[in-house]
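Alright, structures below, take your time with them.
The following pair of complexes shares a single chain, chain A, combined with chain B in the former and chain C in the latter.
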Partner chain A sequence: MTGIKKFRLKRSYFSFPYAVLSVLFVILPLLITAFYAFTRDGSFSFANFVKFFTTPNTLKVLLYSLGIAALVTVICLLLAYPLAMMLADSKINRSAVTVMLFIMPMWINSLLRTYAMKNVFQLIGMTNAYAAVIIGLVYDFFPFMLLPLYSVLSNMDKSYMEAANDLGCGAVQSFFKVRLPLSLPGIMSGVLMVFMPTVSTFAISDILGDTSTYMFGNIINDWFTASGGSGWNIGSAYSLILLALIGITMFIANKATGGKASAAGAAQAGGGLL
Partner chain B sequence: MSKVKKALCKAFIYLMLALIYLPILVLVVYSFTTSKSIGVWNGFTLSLYADVFTDAEMMGAVGNSLIVALVSSLLATLIGTLAAVGIFYTRSKWYKTLLNLTSQVTMVNADIVTGVSFMMLFLVFGLIPKGYLTLIISHTMITVPYVIMNVMPRLSQLNPNLYEAGLDLGASPVRTFFTVLLPQLVPAMISGFALAFTLSLDDFVITKFVNGDVSTISTYLYNKIAKKGVMPQLRALSALIFIAILAVLVAVNIFSHRKRVKEGGRK
Partner chain C sequence: MNNEIKTGEPQRQKFDKIIEVRNVTKVFDDVTVVDDVNLSIKRGEFITLLGPSGCGKTTLLRMIAGFEAPTSGAIFLEGQDVTELPPHKRPINTVFQKYALFPHLNVYKNVAFGLKLKRLPNGYKMKKNGEYKLDKHGNKIEVYRKLTKAEMDEKITRALKLVGLEAYGHRDVTSLSGGQQQRVAIARALVCEPKVLLLDEPLGALDLKMRKDMQIELMDMHKRLGITFVYVTHDQEEALTMSDNVVVIKDGVIQQYGSPKKIYDEPKNAFVASFIGESNILSGTMKSDFNVNFCGADFKCLDKGFNKNEKVDLVVRPEDIAIESGEKGKLVGEVTQSIFKGTYYEMNVLVGDYEFTVQNTVEHKVGEKVGLSIEPNGIHIMKKLLTQNEYITEVSGENTVAICGGNFEFVNNEGFNKGDKVVAEVDFDKVELTDDESDGTVGGNVAQTLYKGSYYQVQVYTDDDDDIFVDTADEWDIDDRVGIVIPPEAIRVRAFVEEKEEEKEDEREEEKETQNDGD
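== the complex of A and B ==
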């Protein structure tokens, strides 16, 4: 027995299945995407990225998507912040059920909610594609903005606000100097949960809009579904560009909050609600 | 706070609630009439519901969604819990960072990028035909990080001495894992499972790229709605799904509330 170290199961070994699966199904797919993005007809090429920067329509759609996403994020924030404040205020709302009712749509299939919205538009006779897509997106992503805001505001120590008032801050001043900065991680989590998913969506814009309301996700989807030839290569390059944008927004959000914001935060809070 | 202000706040809360539930309500109301377009009332009938239950394609999609969600979330709970334990107790810093990074990447990546990269993986190697297997693999992989995220905080709250005590008293590491560690993780595993299950049911984008000819609720709805055709039966199907989810959520919340009251915990 000497010299041979007896195999002893350590707890750290439990993660091996996930480690192996991660290599196969997280890292490998991304490498394949990168491979397609940097090749054309089997040989190394930047043609797919060149295509992106030389196709005015694609650039236009990306800018349009970023604009729509910014608008949707701001509308969600402006609606969700006061609501979260009121829900977190025990003088106004004491019922956990009310909070649950607001969060519940998160658990309902988003296509179903989009379909419901489409029916409402039909009922009220709204035909403007832009408005339909924006309202539909706000409707879909609203709970993802509300949840992180509610969780940060309801956990906030009330004495900070009281101290601000005692020290002579008015309502407006204590909001901007105390409450808002303290809730920044929640705001950033919400923004992350709404902004990039909006840019990369394609189902909602498909169902509620028309070709004039194409989002960047629609373009990627088209390259992979409609066209043969080098569709995969171009689509992969666009996917990497989207991935880079996600990386940039994550980086900015992390810098702004000192690493406290996470896209996963809201989902986690949602899981905790069950 | 003045009474007027309080009333205004309450009004805002109820207005928002009404707006959120209005579309769902419209769908439910019009699921009881057969008219092609919403806004026209053809008289009360349950025939749309009867159609739903006799439509093999629709029922098949519902069945597929449930099968895929159940299998993948069970797998995700198993793999994710083991992974969380492994990541938590490993001494290797780079290994920990690497696994944390891959699970982060999975969570923040855009669905469409995940979807197309899975599709290419499955097609490039051609080993795995698109269908149930690819759906289960991809749904498991995208939900494992959420299970890890639920289990990890629980691990850091545990008393490390309990595990050591198990070993000292002569139990093997495997036995100690199952009798000491695992039971303490069950609540976190259940919420991880619930999250994985709903994420799987909710997914459309990734499903669309790997489903082959297996249709789920999401792909079925998308194909029917995107074709711009009108299919009144969808209203009944949607209403049924809304009500099922509502019932489950209310039941879960009542259950956990009772449990909390029983334990004498916080209200």
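== the complex of A and C ==
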């Protein structure tokens, strides 16, 4: 009897594989990155960080990247919100198939899509690298904005809008006073899910852009691919800086929406239609 | 026309009817949810729309609020047609079934929501020289203003006090209990000072004790405020307790309108009787005015105006049956069940094959022989609620069945043999009438025609002493000789089972139970 009791399967045992996974693929790499970031030629050093703050061009590129990411996020939001509203209205969207159509591009590898877009741009003779990168990023990350918005809007109880109308709101007023504030968690998680990867992207700006659209991700990429020297150390330090920036952004976003954004974002990223 | 009324001197006409629903029909995806409803609601009354779930009562309420537009018909508010008016322009507020409190606002801001949007008339636009500024049509231009902070605060505090939540203003609505949320919803609606307050099953989510308390409070509020309340519920007890008038609805059609007492004491049909309160519903025959026969005995009653030997439904409330030991009463039966209910015993008494429910303070044991008697005022006679022609008859030939003395062809899929006892059913609208008697399988006289809005319901008295009902677009004169034709595929034939009546009764009981349990 006691033997059986000893080997009883506890629910917490199921978490062991995940613990191992997170140690192997999250914590360990992070530690290695930190190790590289804080060393130079095998000894402890802040030189890598000093390099960041003393290279004006790097700072400029970071600001530029943040600007691009913000612009892409805003465009995605403005495009996705009306669409999500239409899709959430069961009168217009009688089946979820329509939503699927907007999500389906995510099933195709992002690099493939980007190369395809490059060809399209060449075909129509668009030479503006800046516009090409923006369009590419918006196209790539649009579903990440649409999904959380669609999810929060379609789950919103219709009676809230009816109550607003009942209490004297016209269509415009009820949108700004009720629908928009109630969809804030969806907006926040959509914003995070577009903003974070856009800041650190390098492939899209690499393929679609030129030297004028050099982003922070490109700089990190360059340091890691540079031969010899202390490239890995500097690249790691820059990665940590970006990580810290994203962490701060998330923290602020969470504070602003009362902790609902990340939970909603996580749930929608994993669940939903995919 | 509308503009004139609005911009002219305020018309202080007193409309007795605050809301009028005229011939309103609502169809959702080919399903008629509300069917040609007419209803007037008096100013200041507490009216309840009562019916089982899915009967269309909520849809009717939503049309009054403006959330749904009627498919046809019109809704009037104080004599003005508001059918096309959007909800935010109607002086009507709603308490929603699931409250629909805004989760991003606290209690105070939820209540303030409607007030912030309210605009009060604030005189007319003036020119600098002190004259009224006039618009293109020479009318004065009205000026509106928002409520001041102090005015709002005063109203909100008063509303919160009314529902007993004055200390909760700063609270998050999601942190409140169901009952408290309910109160906030009521305060939020009342603070706008609507002319009519609509309540959509507002107490459905509360537990029994809370519900009883809120019933009393709502009645109290209604008395104090003098606002018209339109209340929707499936709970008959709630309806009887709270309302001045009750509208019983089934399948989108109003079954009965009247005071709770009238609806309880004089239900118009078997549905109303079974839905409102406990009741024994039986079939009987009117022997003559004030005389009815059921369960094999004759009873005096207070109803007249029925045809001789007309089949009727009748309702006897359990508390109206006197019960005594021995075999003295008009009906003699045996107690099959006895349950103590606190202040009385509820007993089932089997008389013949009908089981009466009887309530009495004196207990009679199971198995005891008892006599039942019913005073004339305890029997209420109702017109039979017919939904189809139904005949207990027999198969008269290979493919024919005897109906009203004629042999009608039918589709004999189930292989009935000649002489089998069967029940034949025919829908009213499947029967055809012919001008020439000889064109029909049987002949008869038109006994009664009833205009039902879009068609006539004609009752034909056949030569075989039977009745057949026909829904037809044509008008027929009373006493006309007509022929009756029924297409073979319109006759449904099923085997006749002796216990059928009892089964039907069981079904009714079940139906009643599910209705009482509600959703």
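Rule of thumb we're sticking to: the second predicted complex is superposed on the first by the 252 of 274 C-alpha atoms of A that agree within 3 Å, B and C clash if a C-alpha of one lies under 4 Å from a C-alpha of the other, contacts with A are read in each partner's own complex, and residues count from 1 in each chain.
Throughout what follows, a contact is a pair of C-beta atoms (placed from the backbone, for glycine too) under 8 Å apart; a residue touches a chain by one contact, two chains touch by 3 or more.
The structure displayed is predicted, hence computed values, not measured ones.
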Clash or fit, chain B versus chain C on superposed chain A: fit
For chain A as apex, the angle formed with chain B and chain C - C-alpha centres, to the nearest 10 degrees: 80
Contacts of A:26 with chain B and chain C, given as first, second, both or neither: first
Per-residue touch tally on chain A - higher for chain B or for chain C: B
Touched partner set for A:178, first chain B, second chain C, both or neither: second
Which of chain B and chain C A:246 touches, first, second, both or neither: first
Touched partner set for A:109, first chain B, second chain C, both or neither: first
Which of chain B and chain C A:190 touches, first, second, both or neither: neither
Contacts of A:166 with chain B and chain C, given as first, second, both or neither: second
Which superposed partner A:148 touches (first chain B, second chain C, both, neither): neither
Partner chain in contact with A:209 - chain B first, chain C second, else both or neither: neither
After fitting on chain A: smallest Cα gap, chain B-chain C, Å: 11
Intersection of the chain A residues that touch chain B with those that touch chain C: none
Chain A to chain C touching residues, read off their complex: 157, 159-160, 162-170, 173, 177-178, 181-182, 184
Contact footprint of chain B on chain A as seen in their complex: 8-19, 21-22, 25-30, 32-33, 36, 79, 82-83, 86-87, 89, 91-93, 97-98, 100-102, 104-105, 107-120, 122-123, 139, 142, 192, 196-197, 199-200, 202-203, 206-207, 217, 220-221, 224, 232, 235-236, 239, 242-243, 246, 250, 263-264, 267-268, 270-272, 274
Touch list for chain B against partner chain A, complex: 1, 6, 9-10, 12-13, 16-17, 20-24, 26-27, 30, 37-39, 79-80, 82-92, 95, 98-99, 102-114, 116-121, 124, 137-138, 141, 144-146, 148-150, 163, 172-174, 177, 181, 191-192, 194-195, 198, 201-202, 204-205, 209, 217-218, 221-222, 225-226, 234-235, 238, 241-242, 245-246, 249, 252-253, 256
Of all residues in chain C, those that touch chain A in their complex: 65-67, 86-88, 92-94, 96-98, 100-104, 113-114, 117-118, 188-189, 192
